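Both complexes shown next keep chain A, but they swap its partner, so chain B is in the first and chain C is in the second.
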Partner chain A sequence: MAQSGTASELSLPSALMLLAPLTLLMLAILVYPLALTVWTSVYPGQFSLQAYTELLSSTLFLKVLKNTFEISLSGTLVSLLVGYPVAMHLAAQPPSRRTAYLIMVMLPFWTSILVKSFALAAVFGNQGLVNQLLGFVSGGQINLPMMFNRVGVILGMINFLLPFMILSILGSLLAQDRTLILAAETMGAKPLRIFWKITLPLSLPGVVAGVLINITLSIGMYITPALLGGRQDMMVANLVDFYTRQTLDWTAASATAVVLLLISGLLVALLGKVRGASGLSGAVA
Partner chain B sequence: MTVTPMTVTPAPASAPVAEGDRAMVELQGVTKRYGEVDALKRVDLTIRKGEFVTLLGPSGSGKSTLLNLIAGMITPSSGRIVIDGRDATTLPTNQRGLGMVFQNYALMPHMTVFENIAFPLQVRHLPKDEIKRKVEQVLDLIQLGHVAGRRPRELSGGQQQRISLARCIVYNPALILMDEPLGALDKNLREQMQLEIKRLHADLGITMLYVTHDQDEALTMSDRIVLMNGGKIEQQGKPDELYFKPATVFSAEFIGSSNLIPGIVEAGGVSGLSLRTAIGTFPVPAADFAVSTGDKAMLLVRPENMTLTGGPGVTSVSGRIDDSILLGGVVRHFVRCKDQSTIIVQELNQPDRPIAKRGDEVRAGWPPAHARLLPPSVPH
Partner chain C sequence: MNALFGSSRLSRNLIATAAWLCYVFLLLPSLIVIPISFGNPGQIEFPPRQFTLALYQQFFTDQAWWGSMVQSLLVATVTTMLTLVLAVPAAYALVRSQLPRRNLLRGLFMMPMLVPVIVLGLGLYLQFSNWGLLDTTTGLVLSHIMLTTPFIMVSVMSGLHHSDVSLETVASIMGASRPVIFFRVVLPQLKASIAVGALFAFLMSLDEVVVAYFLTGTKAMTLPVKMYSSIRWELTPVLAAVSTLLTLLSLLIALGIIALQRKTEANP
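What follows is the complex of A and B.
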């Protein structure tokens, strides 16, 4: 042990005792259900991987998987395009004002995702505020279908994803040395070049982290596509729900859940890699 | 000016070569106010082409504010800034055609050394092969050609600062601004870099404006030192002038060490003036400022202009050795006068010098011509 202080070191029994409550809790509410899910997926009476082979050859599953990737990637992309300018604006503020603005960025977290989904439906629905305004302006000519379709899912999704994107980009923008911009300006560089050659490349670790967090979060989304999407916008989590409650095929439901978990796990692992690598590229994620 | 009949086109309004044509930077009555505080108070300053000017002063004296105004990172509250004959008072930084060296080097961490130096050339849309040629040339000039492919963080502080200098030199700006560029380096490296920057200045003839709070650095490098105090220019001149002819108590205390003895001006002495002080009345050389008998004034004698040995024509004051310390080539004596004030005497160290002991009665003397009369210090 490198540490010389004895006070900071615990004997094995007391360490175990301190860890025991949480360990038990995690075993009960995380490990056991997870193990049960895996077990259910491979043991419908006897050991079999049939659920997985069926799943991978099922048109429904492949279509839903494709949906899931499409929705989370496009949601993430929108969140990136909307979030980056916000993060840049925040980074340019004096610290006191930035704090106030950050509270506004975090505001969506204060409301349950269910309430937010209904609120979005009220704003973007066929008779919602936006369409009423559009109808008023255009004399009833324009009515954009923005709910219960792909647009609705993505709107609901970025509402949830944006803070994660903004915060992780903001982190790597704030870590940038301001004198780099000053130096570039004295050398005659214009703002656009400074953005493409300096600000953006130095913020890439934050962008990659934000993108991975967004994909990871959105890939398992359930309520948003269920409430704001149409029949075509089913995602993997909704499929799990479908197998569980509609067809009562728990083996298929479990197998689907395990596949979803593996995909998310893979993304989280990737995320860890990027964070670890960010030190090399000159900025902190 | 007469227009000769030979001129076919209307005569251009070319005045005789005025001071303005040789000026790189002109500040005219520049003030910078932050809320209630004046960081800079009606400063006038001209920097000539090819000159190496140092802004010297304690922190908060306005030297960095002045530099940032010239760089265009801030705009003056009032006054005018002319750079290379062009009004630049509100010109954006990226159109001023300057170079700047920062204390923290400000190299782009995601670019190699080559890419860093190529950056200002890419901004200027130079062809690729010319960029390559110029970057290699300047890397040779600073003898760092072998690190072209490395990233800044793989280099030492001194190397990084040389790269940052190279990045300025490569696009040949009319003026290079340096904001305490050697502040982060250790002493030996700093002295080495001072000489290197001086050499580059002599070789390239680029006008340089250098900010430092280090008087030795200012004395070593500058053609001219501009001493700043409380948002104003306290005094400016060649290093020699500032050292030997400080105009104020602040100048005398900031540059070099000094013995300052307050007193009242009286008639007498060779120049017609002498100063009555608590430790005696001393003849003083003629003053640079208006002074008449009865005025308060300050007598300045540099420690190295004093001796303990005395001699003909030397003014002296008696005292007791408080301490005597050896600084290598010189010995510094602290002499306690009868009014308990301390006078510092600095002598060259000789193998056969008499060793001064604590409590020894001595006479600290100086040639009256080496003393200097200063106006009493006025609070800013």
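What follows is the complex of A and C.
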């Protein structure tokens, strides 16, 4: 489009002038604090990797790391199992109705995470709507514990993750060539067989991208486990906060943050390989 | 239209049921706060047994609540304006120049979206405690500019890719200076994408909790931070009124964005 030397192209000095203010701000408010975090983790007075060796032998850290992977992976799995049929339902709608349904799917994306956490606690809490309904149906008093434990974290998490999973799978369902399915039907294939042999395999790129986006988004979660989980459901982000505010151990907090940064960096790189460079930004914007 | 998963009635009904359960699960939390907010001011109750405005009255007479809302609106407004001033020219320079390694800069501007926000919160906390910016509106606005930059970048850069370069070429050939081209030719074409980015940035800043929680104390406390500690420690019914106000605001902003995006798609 814009070849070098065309009249619409900016000269290098003016481009630099326009880019300088934002670049300086990003260096000061993004790169510097990240570098400071790494520095704090390895330089508590003199250079040492002690913070990291201590983390690796800390039962608290290892338990929290295990929690983080467990919660993140099970949340993603539930989101996939729930999201896939929704994506199929959306794909089968005529475009105008699909837009209306999509607005419903996107609404949680626009709602504050605090509003959602508060509301989920009200719906799934001990005296919440779901327990009231269950009690009404069974005719007794029901107090199914669904909040402030693992179930609560997963519920909060999939409410946040589902839109990303659904949109990702929907994309690859809509891209499929439907004549394939018509052909299979004409030749007498049963619906289940068509699903396993055609629809599912062709949608795998969307599934893989959706799963990676979900894991990436959930691995660093802070608000949901803090508000909807119990004390046993602490995730890595909550541990960073714990070291910073409760024990005032900034070295341990920084080392934990660096570990989280590395994990999510790996995931983003993987996602970039699967989806091209715009992986996450395409999902968010 | 059902070609996607065959024509079996049973499978279609199963899928529709599963999908509708999921729609309800996604919608319910955003909507249920509305009836609760008009109910019993003594406890969180659904379905509500009375209709009162008591919770709204509590919200607007408690300085700690409406003060933090004013602070949030202020931070979000200033953040959005400053991010626009910084990011729109930068996006223009990235798209319309042949600067070597401009992908590196683009990566830098997109990075806040990819780094876990807790890591940014801790880094800024360490930095601002050295710089004396903890619990200040300045510190909070600076970090929100950083957090909202990628969203304005994405929107404005895609607007630039869709705008008509030849208009700029023509203006340049006819002797218009670079600033004149930028303000009279480029910006008018970008109006919708700038508005979308700005609304998005405003909402992001307004709803942002984690960084604000790390950086603010009693003086610069924003509404999300106040809500966070309230949900965590007391779970007061006033939260339903706050949530309803926030949900309505988000809904308005979302509808604005959808309408603007339709407009840009209609006349690219």
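In this text, the second predicted complex is superposed on the first by the 264 of 285 C-alpha atoms of A that agree within 3 Å, B and C clash if a C-alpha of one lies under 4 Å from a C-alpha of the other, contacts with A are read in each partner's own complex, and residues count from 1 in each chain.
Just so it is clear, a residue touches a chain if its C-beta (ideal position, glycine included) is under 8 Å from a C-beta of that chain, and two chains touch if they have at least 3 such contacts.
Note that the structure is a prediction, hence the values are computed from the model and not measured.
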Partner chain in contact with A:Met26 - chain B first, chain C second, else both or neither: second
Contacts of A:Pro201 with chain B and chain C, given as first, second, both or neither: first
Partner chain in contact with A:Gly188 - chain B first, chain C second, else both or neither: first
Partner chain in contact with A:Tyr52 - chain B first, chain C second, else both or neither: neither
Partner contacting more residues of chain A (chain B vs chain C): C
Which of chain B and chain C A:Phe242 touches, first, second, both or neither: neither
First, second, both or neither for A:Leu173, with chain B first and chain C second: second
First (chain B), second (chain C), both or neither touched by A:Phe69: neither
On chain A, the residue positions that both chain B and chain C contact, one per complex: 182, 185, 189-190, 281
List of chain A residues in touch with chain B within their complex: 177, 179-180, 182-190, 193, 197-198, 201-202, 281-283
Touch list for chain A against partner chain C, complex: 1-2, 4, 6-12, 14-16, 18-19, 21-23, 25-26, 29-34, 36-37, 40, 82-83, 85-86, 88-94, 101, 103-108, 110-123, 128-129, 159, 162-163, 173, 176, 178, 181-182, 185, 189-192, 194-195, 199, 219-220, 222-223, 226-227, 237, 240-241, 244, 250, 253-254, 257, 260-261, 264, 268, 280-281, 284-285
Chain B residues within the chain A interface of the complex: 71-73, 92-100, 102, 104, 106, 108-110, 119-120, 123-124, 153, 167, 171, 177
Interfacial residue positions of chain C with respect to chain A in the complex: 1-8, 11-12, 14-16, 18-19, 22-23, 25-30, 32-33, 36, 44, 46, 86-87, 89-90, 92-94, 96-99, 105, 108-120, 122-127, 142-143, 145-146, 149-151, 154-155, 165-166, 168-169, 172-173, 178, 200, 203, 207, 209-210, 214, 224, 227-228, 231-232, 235, 239-240, 243, 246-247, 250-251, 253-254, 258
